Each structure stands twice: as structure tokens, then as C-alpha cells.
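Here it is: the structure, laid out below.
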Amino acid sequence: MIPQKDLIVVTSAPHLHSPDNVPTAMRDVLIALTPALLAALYFFRLPALLVILVCVISAYAAEIVCLKIMKRESPTRESSAIITGLLLAFCLPPSLPLWMAVLGTLFAIVVAKHLFGGLGQNIFNPALIGRAFLLASFPVAMTNWTNPLDGLTTASPLGIMKEAGGEVLPPLGEIFLGSVSGSIGETSALALLLGGAYLLYRRQIDWRIPGTFLGTVFLLTAVIGGIKGEGLWYPVYHLCAGGLLLGAFFMATDWVTSPVTKLGRILFGIGCGLLVVLIRTKGGYPEGVAYSILLMNVVTPLLDRYTKARVFGRVKSHA
Amino acid sequence: MLVAILSLGAIGAVFGIILGFAGKKFAVAVDPRVEALLQIMPGANCGACGLPGCAAFAEAIVAGSVKPSDCAPGGATLYEQIAAIMGTEVSAYEERKVAQLLCQGGYGRTRMLYRYEGIKDCRAALANFKGPKACDFGCVMQGSCFKVCPFGAIEMGADGLPVIDYYRCTACNKCVVECPQQILKLIGVSHLVTVRCLNTEKGKDAKANCSVACIKCKICEKNCPEDAVHVVAAGEGSVAVIDVEKCTNCGICAAKCPTKSIDMISPLSEEVVLEIGTTPDAGCQACGVCKTE
Amino acid sequence: MKRATFKGGIHLDGHKELTSNLPTVVAPVPDRVYIPLSQHIGAPCVPLVVAGDEVKKGQKIGMAKAFVSAPIHASVSGKVIGIEVMEHPGGSFVPCIIIENDHQETWAETVQPAADPAALTPEELCAILLEAGIVGQGGATFPTHVKYAPVEGKKIDTVILNGVECEPYLTADHRLMLERAERIVAGLGYMLRSISCTQGVIAIEENKMDAVAVMKKAVAGQPNLRVVVLKDKYPQGSEKQLIYACTGKELPVGELPLSVGVIVNNVGTAAAFADAVELGIPLIERYVTVSGPGICHPANYLVRIGTLFSELIKASGGCCGEVEKIIAGGPMMGNTVFSDELPVVKGTSGIVLLHKEPHRAQKEYPCVRCAKCIDACPAFLEPTSLARLAKRSAWEEAEKSDVMSCIECSSCVYACPAQIPLIQYIRRAKQAILAAKAR
Amino acid sequence: MNLKNEFTKGIVRENPLFRLLLGMCPALAVTTSVNNGLGMGVAVTGVLLASNIVVSSMRKIIPPGVRIPAFIVIIATFVTITDMLMHAFTPALYTSLGIFIPLIVVNCIILGRAESFASRNTLLPSVIDALGMGIGFTLALVVVSAVREVLGAGTFFGLQLLPENIPALIMILPPGGFIALGCLLGLMNKFQKKTA
Amino acid sequence: MQEYVIIIISAVLVNNIVLSQFLGICPFLGVSKKLSASLGMSGAVSFVLIIASFITWVLQTYLLTPLNITYLQTIAFILVIASLVQFVEIVIKKFSPPMYKALGIFLPLITTNCAVLGVAIINIQNEYSLGKVMVHSLSHAAGFTIALLLMSGIRERLEDADIPESMRGTPIALIVAALMSISFLGFSGLT
């Protein structure tokens, strides 16, 4: 007897599925990152291009090698490694030696992602781990900012704010457009807002995380600004400067490492916001977005556990 | 020097007295035998004894509600050790058993009704028209047994059927309990001849669906010199069954069976069989994983 | 206007335009009908006939003694030629009574209209429900008379007729409401009377405004009956979600609708009830939509119970394209069957033939924790967590996580971008928990 | 009893750090340089040896009820002696190991060996066991600290190996300890799997 | 007041006892597979840690220092801790069986937990007053609890993760600890 071909498929309902799948989601994120990519290339030119290329290529290569070693499915249809590489490049200074970028990418992909079992199983956002790893390893190279206007080495806006040294803060308009010193992809608030809006429109991210994240930062800095006697520009400046928008729209919202429950997401956003303001105002670093999101990644499993929704029809006291 | 000795002695004495006092005052009795038993248990927490884990089994031994031999993975060595702790005699000799699959209907041998798509779970596949195979008695080939085996003794073969590594099998019974078709059975390793089909349909129907089904031809029955194999009534029909008491492992029925639904294998090599009743090496490797939690 | 609805759920492409405007066709009566002994939830019937018996249309040919059960009737007149085990749309094998049609269409003597429908007592009405073998027409096939059997101390204040039909492709209920509105309203009237309930609600989704208009006209002048228009969302037709959408009441976990004073029935059930009371005809035919991309000429049919799928597919011009799945019922909750040689039963609301979905990859992706399943779940569960628990057979934990509250609407699987068959894992967990309880 | 076996098991097969997962705290804390790792290893070996000798020779005298407290006192005594010796002879090492010298007292390796081996065996095997375990632990510490020192500071025993700007500072920061040990354990497992 | 706040922030976040001081690694890795177990463990450790800090401080200030036998510190402290643990175990076993069930199996493990002895020694090294000793040990207990709970939350999630065979168990736990430790670097310099 031979196995019959062309048998009808029998399986469990449902037999219809949403056209959204993992690759389309990845594609949407890539599309959303395009404005920031263009802005980065416009402001930082060749150095940025090189860092981005190096990160993306090494991320992709690392992904393929890891999957080969672990004998897992080919990732060619997913672009998650490319996104990781791109996001990591976005939070690196354009002047970073390329071999450091490669090292950070490898650490991100291998340690933060594949040691945990690959896509969907990591606890920490790989790109942010890559950045934090590099920052801890090469603190000097990682805080060497070039100003895109004159190519000179300057402190980042937040650094100037923190040190309150002789340097003058760049005007808000420049911060908004992105012609200030900073990491490759984080300087242009406008481009990041465009990307974030696209993701929200495509429903690939939940408004709760960026909403509460940015909201918390805005409120707290407004209060602090009020105490300091600064005007409304102070909280707005905090929103647009540094990696806040990049983090809030693209990294805190990472599906894998953020909570799955709605309440959990709200708490996650608030937690990120609190930590950012804490580190920016009281901590040892001028910028705290990466650390704040990583710290909230740590808390995510507990948030998920304790913010489960009440099951339909469960009496409230029971839940 | 003296101060040191005195003060340290004093500290020691004070705490010694407190502890001694507390130990007496607040003593709670624990049977030391339970502890001792727990030390020697295989620690697989396989549940073959019907109790939730080795700790429960140790308590049950002390309570006298189970026999040492209820622990299948333990083997003779364990029974002796338990007997030593409990101060009893070693229970009767028990033959080593291994789980065997009573179905040979892999891909290409049994007619398929449809292509199953979905989770790898036999019960889930059975929910659709009793599984993708036309035969309702055979292996569903989704590997539920493979998933529950705590000893890695089961793998899924290329023909879709589970392949059991008899050397690794500890007869823990987990796969037997898990199998929804009840086609896995613990069989003593000295029984070499087995009917590997449980299809009770009429010979014609069975044959139409599967090339290795028992077709109730009774050839085995007629040829058995010991009168050990019979086609007996089962379910709504009948199927060949070997009486292990009478069977002498001559293998004539296996040779004569037209569909080869009876086969003859020696699950374990001779030297292993000689040590019947011992814990197989590949079973519990005392990795301690089960004990850490 | 903001339409009432439930929380969670998904928006589906209904594909209803394929058949929603096609008037129902009476399907050709086949030469043979195959009537399964079990077409309902509950005890299967015992056949009352043997091979060789002459039967008449509407004659009772099988019944069970159990309370939760429904009798079956011959849908044609002719000769019983045997009882054979056949594939059943529910995903099992069931013995079927096979009747050779003599095409005489002689009615059985038992088929008698009630002398004075207005004078029937609740008990008599309930008896008619039982005798006519009426079961839920929406697909669940729960024997209707059980719902209307009085329960001590429980008062029903609302009967909801489910005209939601949230499954894609299906338009049988839609056509029924357009074509037999007055029968539905009459049936609802009998239902209300049999439990002395005052309020009747007919729930229809906003994508069927023509049916809304017709039903509104049909209930005009009866102030205790109203038509509720609901938002277009799946799974609105699920009992719990429908009750919430219509009344705002949340059915407690593990309770029947009874506990919140509600009974939910399909519109088709009401129409069948009216037929049984006023004409004495038991449930021997029903509306069936034959649709999907794999069908050449999709259509709505009025079909005798026991007609083979293949006859209906043939009547619709046969298959077109490479059919991957044949579904009995709607594509969200219906079962796939492995051949077309199986009969239409009381719960068959549609036959949908699907091609391979172009956007479906061969293998599932790992869960990326996007939480789309959680957002989609109308029971507010976490399907992905439940599936994970089921994957490692952590049944107890799954039970603690309320896996039993899953209504198996499959919204989560639809929404899942990683294409994980969440619902299968969940079903497996439920099955294991029930098995453990039974032990 | 095969003494050679008793000796080698502690080095490879039952390496206290890599296989038995004992003594994690010092393995993470003091392995920022090979110097420290080696010093720690030697100190632990010394204490282990001394306590094993005493425990083994006194095993028949100590009543089982107060076994653990007695062992701890014995161990603590030797730790204190070690502490003083190091303070006197290796002041630099003493400062850099700091609190982790008194903490040798609570190193599970020592109590574990006393409890599971020395209290059940005669003197000679106990000595051999202590030596094997101690050397195994020392080797493990040296490996971990070598990885961390080379990658994190670019040096090995203070010798400059890598150019100034290459080393990743993180390896001698706290996370580096976890990373190095975690990866080494993973590699060990993989290696073990292949040979098994 | 300022000093106390600095002690708290430093002990809980900046110099977290587990993630940057490497004390109490064994229970941190060993008992963090289940959230419930880690709750029990951190409860037991916190309890013993605080009481032991108090007793060892008293012992040091009123016995060892006046008698000029501070070299006996290690022996004396470990004796205190060992006895304390055993005492607590006996008492709990007698008076609160449910609590014993929850904490009992962890108590013996605490004797060899370097967190307790470590904090006791740090207290003395830093020459804290009694008030600061209590705040300090309390914050370290909190730091330990937080680290353990977060770790067990993560490890419960990792239970379903498809981690490479050789990384399962302790290796991946160490990697998680590493990444947690990297995240906690964000607090460095916090004042």
C-alpha cells in the first residue's frame, strides 16, 4: 500500500487567519524606522552609514550562524536580526570604531537573544543590551559625540544639561529636527515621531507604552522644571532630546520584552518614565532611556504575572 | 589567649545551651527512615508507582501502603536497599519489563484518511475522525509517548511510529498511561513473540486499511505447537492473543503469520537479560535535576 | 449611533456578499438520504426502524430515552435499506439510517398541525419541541426542549434570538430572516409562552440591515419584542458574548444563561418551532449556505436532513480550484471533513470549501508575545500562556489560569501573527482536565 | 579505594565550581584578576586541606547531632588563621580579596567536603580529596579570572597582552563575572555532552 | 537623614548585594526557579540577615572590641549565625508549621549563605552605628529580595523558552544575572 497523495487537510478550526504575520510586522517596523534612517544619513553622513551597515550585516550574519549552530529554522523570512542591528546602530555614536559596533551587535544577537532560545524568548531587548554592553565596556568611545553641523566633538544636549558647564544648549528647533550631536538614530525627534505614528496607525504597537512612558517623563520633568523655575520648554526638551522617542516608540514597545497585559503595559510605561527621569536627574549618566527600559524588561515577567485581566464572568473578588 | 578561649567558649556555651534547650522543648518527630529512603530513591519522580513523586513513595513505604517493587525504575538494587532500611526481606523476583508498541502501521502500511495539520498530540489528532489513519486501533503517530518519556527512550521514527530504545526504557509506565490508543504495553523481556496489532475488525476490513493488521486467519492458532496463541473475542470483534504462560518463544506463529502482524524480537541482548531486574544504566543518571526543586 | 457589542473579539472579512443576495433555492431531493443517529449534543438515538421498513416523510425513526437528546425523523418517504457507520460532520463516525427515496413525499400520519396553537399550554409546547426533534440550529445542536424545561426557582425574563451569524461566508440565517421573518416571530412567540416570559429580543449584526428592516416590520405591533442591532464583530454569536451585548449581563463562569434569566436560541430554531406547532412538521430540513472560494456557484439551499454534501456541491456547480479544506459549518468554528460523502445534519449551517490561504507559511513562528491573542480573546484569557502551559502538560496550572472559560471561538488563532494553533493546545488542556475530573 | 581517582575527580569530573556549582560567590567576586583568583584558590585549598584533616581524624569523636556546628567552628578557626597569615605575608592580596577571606567560612565546598567526604573517610583519602578539590577549584578560578582579566583589562598576571583601547571594561565589572562564568559553564556542558 | 537615604539607595540599587557584590549567589541561582520558593527563601534570608546583623553588632561592640579579641570575629559570627538559623528553624517548626513548610527547607541553606555573614562583616567594617546597621541590613535584605523575585519571575518565563541544551539551568541563570547586572549599572552614580 502506498500513501495516498492529495488528501484533504483535516485540522482544527479556525480555517481563516489574519493576513498579519510575523514577517509583515517586521516589515512595518522597518518602514517605521526609515524616516529616522534617512535623517541619520542626512545629518551624520558616511560615519553613520558605516556604523549602520556594519551593525545590520553583522547582526544578520550572527543570526544565521547561531541558527545554523543550533540547527533551527532559517530566518530568511524574518527580519528581526536586521531590526536589532538597525536599532543598535541607532543608539551608537557615529564616531564609534566599527569593530566595537560589531562586538556590540554580536553580544546583542548571541548573548541577549540566542542563548535564550532565539526569537520571542529573550527577556531583554537585544539592541539595548548591546548598547549597555558597549557603554560599560568602552565608556569613552561611547560618549564621544560629534556635532553634525560643524563636525566638532561636543557634549550631547542632555550632557550639557546635566553638567551645566560652559556649553550652550542647542535650540529646541534643532533638537526637534535632529541637527544636534547624539546617537545616530535618536537625534531627529520629527523622524521618530513619524515612524511611531506609522506603527500606531498599523496597530503594530500599543499606544499604552509610548503614551504612558512619554506622559510620565513629560509630567515629571514639567514638575522639576517648575521647581527649578524653567518654563514649558524644559519638559519638551526632555521629550525630544536624547533617545527617549526612539526608546519609547521602538524599544519599549518591543513585543517580546514588554508585558502582554494592558495594565502591565501601562505600568511598564510609567516605570520606564520614572526611571528615565531618575537617571537623567539624579544618576551618574546624562541619559537613562536604555537602562530604564532594560530595568523594566527585568520586571516584565512579574508585571505579566500580577496584572492578568479578570476573566469574563469571574466575580471580581475572586480575580 | 585566655580571654579568647574563655569568650569563645562562653559564646559557644550560651548558644549550645539555647539550642539544646530549644531542641528538647520544641522537638517535632520525623521518621528518619523517610529521609534515608529518599536518599536512595531514583529521584526520577516519574510517578510510575502511582504516587506524586519519590518523596511520597518513601513516605508510603514507611507507612506500609506500597511495596518496594512498586517502584519500577528502581530495580532489584533499590529493593534490597529499601529492605535494608526497613529491616524487611527482599520481595519476590521480578522480571525486567520494557514498553513495546503493539502497532506496525506506519506511513505506507496503513491507509490514511486525510492529512492532519495541527499540534503534535495524539489526543488532539484523535478528535478528528479518530485520527488520520483508517485503522482506529493503531498508533496515531503524533508522539505523545515520546513527549512524556522521562528517560529519552522513545524517538519518532521515519515511518511515523515511535521507536523505543529498550535499553533506556525503565518500564516507568508513563507512555503506557499516556497513549490514548493503549497500544503501548509493558512486556517482560523474556517474552520474545508478540502480536503487534490490536485491530478487532473483521479480517477483510482490517486488511483493507492496513497491510500489517491481524486478519484473524487463525494460521497462528493452527500452527502453534503449544496451543499458546488464539484469536479471541475482543471489543466488537476478535484479535490474536498470545498466552505468555504457554508460549515457548519458538517463533513459528511469527514465521507463519501472513501479514507479519506477529513478530519475534529480543528487546535486550543476552548479557543484559542476565542481569534481569537491575536498573538500566541509561535510566536515572542521578543528575540530581529532580531533587533540586 | 454606537451599536452595542461585547469586549474583545476580532473584525473579520465576512465574504457574505457571495451569497447574501441570492434567494434560497430548494435543493434537489436526493435518491438516498443518510440520517445519523446522533445529530445533537447528548445521548445518541436508538433506531426505531430496521432495514426493509417503509417509512414516511416526517416519521420518527430514532429516539433516545435520555433527557438530553432529540429524536430523528425521516426526511423523505421510502424504504430503509440499512444502518451503516458513516463520517459525521461533527468529526466522528456515527451510524446512519439510510433511506431509499421513493419520491412520493407521503407525509406520516403523525404530522398534524396543532388544532388551536393559541390554546397550547407550556407543557404541550415543550412536548412539541421534543417530539419535533428540534435542536439548536446555530451549530451547537443542543436539544432545545432541555432549555425550555422549567427549572425550580429560576425565572427567565428574556429570550434572545440569535440572528447574528458572525461566521464568515454563512448567510443561511440571513436569508431565513429575510424570507421567513413571520415564522421566526411566531416561533419566538411560542417560546415566550412556553416559559411565560415577556421579553423577546432578536439580535442582528449591522452588516445585515435589510434583515433588520424585515424583522422590525415583522415585530411591529408587538411591544414586548424588539430587534437589537449589534456591531459587526466575531464571535458575537457566542452565547455569553451575545447576552452581554444585548443585556449587559456577564454570565458567571461555569453557569448557564438560565442563571441570568436568559435563554438564547438561533433564529432558525424559532422558525422550526413555529413549523412544528402550526404545521406539525418535525425538523427534517434546514437552510444551508454552500460557499467559499472552492465553490463555483455559491448558493443558499433549503436542504433535507440527510442529503450528502456531494449533492449540494454538485448542485452548486462543483468545486473550483484546488480545494484544501471542506468545512462543515463556518470557517471559524466548523469542522473540516475529509470527504464530501457525508450527510447534512440538523446543525449544518453551511458547507465552505477553502483554498490554501496564500499568506499562511508552512510552519508556525515562535510566539513573539505580541499579545494580539489576548486582545482578541472575548473571555479575557491569555491564550498564549494557556497554550504554553498545555505544551508542557501543566494541566493544573492551566486550570488555575481559567482555561475552562475558553469558549473556543478561535479568535486568538485568527489574530496570531505567529500562526500558532493556540486553540488546539487549549482544547487539549480542557480535554485533559475533564479527563482528570472524570477519574 | 583508588587514590588517584579520588584526586582527579575533583579536578575534572567533579570540579567543585564547574560541575558541582559550589563556591559561586568567590568565583564571581574575586576573579577580576588572575592574581586574585589564584590567591583565593590557594587560600581555599589550604583551609579545605586543614579542615579535612581535622574533621577526618576527629570524625569518631564528634557526636552526629552537633556535627555541623563543630565543623563550622573547625573551618572558622582555619579561616581565621588563613586570614592572619595573608594579612601578614600577602598584604596586597589581602586587601584586594577583602571580605571574601572571612567568607571562605561559608564556602559550600569546604563544609560540603567535610560533611560528605572527610567525616566518612580515613585521613589519607580525605587529604587526597581535599587536594583534588582544592586544586580543581583553584584551576577553575584561574580559568575564570584569566578570561576576565584578558578580556576586561587586557592583561594576564599583570602583563599587558592587548593594546590599551581594546579590552572591554565590562568583563571586570560585576556583569562580566556572570557572563564569564555562565558562558564557561555552558561550554563545559557542551563539552561534557560530546564526551559522554 | 541624608546618610540613611544614601545607605538605602546604595544597598538596594547601586551596590545590590547579589548583582554587584556577589553575596548570596547560591540561593539566588538555586532557589529562583519558582516564584513561590524564592518568596520563601528571600523571606527566610531577610529574617535571619536582620536578626544576625543585630546580634553580631552587639557582640562585636560589647564583647569582641572591649576584650580586644576582634580576630575572633569570623568564628564568633559564624557561630551566632549557625545557632540562630538552627534556633529559628526549631522555633518555626514548633509554632508555625505552615511557615515551616514554606521556609523550612531554606533555613538550613542559610547557614552557608555568605549574604548573612557578609553583611554582618560589612556592618562592622563600615563602623556603622546600631541605627545604620539596622537600615543597612534591612536594605540589603530588600535588595536580595528584589533581585531574587525578579530572577524567579524571569526564570519562570524561561521555563517555556527553547534554550540551547547546554545553556539550560545554571548557565542561563548566570547570563540572566549578567544582563540584570548590566541593567542595574544604570543606577551607578545615583545619588
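To keep things simple, chains are lettered A, B, C, D and E as they appear, and every chain counts its residues starting from 1.
Just so it is clear, a residue touches a chain if its C-beta (ideal position, glycine included) is under 8 Å from a C-beta of that chain, and two chains touch if they have at least 3 such contacts.
The model shown is predicted, which means the values in this text are computed figures rather than measured ones.
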- [ ] Could you find the chain whose CA centre sits the greatest distance from that of chain E?
- [x] C
Open item on the list: By mean C-alpha position, what chain is farthest away from chain B?
Closed with: A
TODO: Could you give the separation in Å between the centres of chain D and chain E, each centre being the mean of its C-alpha atoms?
DONE: 21
Open item on the list: How many angstrom lie between the centres of chain A and chain D, each centre taken as the mean Cα position?
Closed with: 41
Open item on the list: Suppose each chain is reduced to the average of its Cα coordinates; what separation in Å results between chain C and chain D?
Closed with: 70
TODO: Starting from the mean Cα coordinates of chain A and chain B, work out the distance between those two points in Å.
DONE: 50
Open item on the list: Quick check: what residues of chain C touch more than one other chain, meaning two or more?
Closed with: 335-338, 366, 421, 424, 427
TODO: At least two other chains touched by the same residue of chain E: list those residues.
DONE: 71-72, 75, 79, 83, 86, 160, 162, 164, 167, 172, 175, 178-179, 182, 185
Open item on the list: Can you list every residue of chain D that touches 2 or more other chains, as numbers and ranges?
Closed with: 69, 73, 170, 173, 175, 179, 186
Task: Complex interface listing, chain C residues touching chain A - done: 7-8, 10, 12, 168, 240, 250-255, 323-327, 331-339, 352, 354, 357, 359-361, 363, 365-372, 374, 378-382, 384-385, 401-402, 405, 408, 410, 413-419, 421, 423-424, 427
Task: Residues of chain C defined as touching chain B within the complex - done: 87, 91-93, 335-338, 393, 421, 424-425, 427-428, 431-432
TODO: State the interface residues of chain D toward chain E in the complex, per the touch definition above.
DONE: 21, 24-26, 28-29, 68-69, 72-73, 76-77, 79-80, 83-84, 99, 102-103, 105-108, 111, 170, 173-179, 181-183, 185-187, 189-190, 193
Open item on the list: Give the list of chain E residues in touch with chain C in this complex.
Closed with: 159-160, 162
Task: In the complex with chain A, residue positions of chain E that touch it - done: 35, 149-150, 153-154, 156-158, 160-164, 167, 172, 175-176, 178-180, 182-191
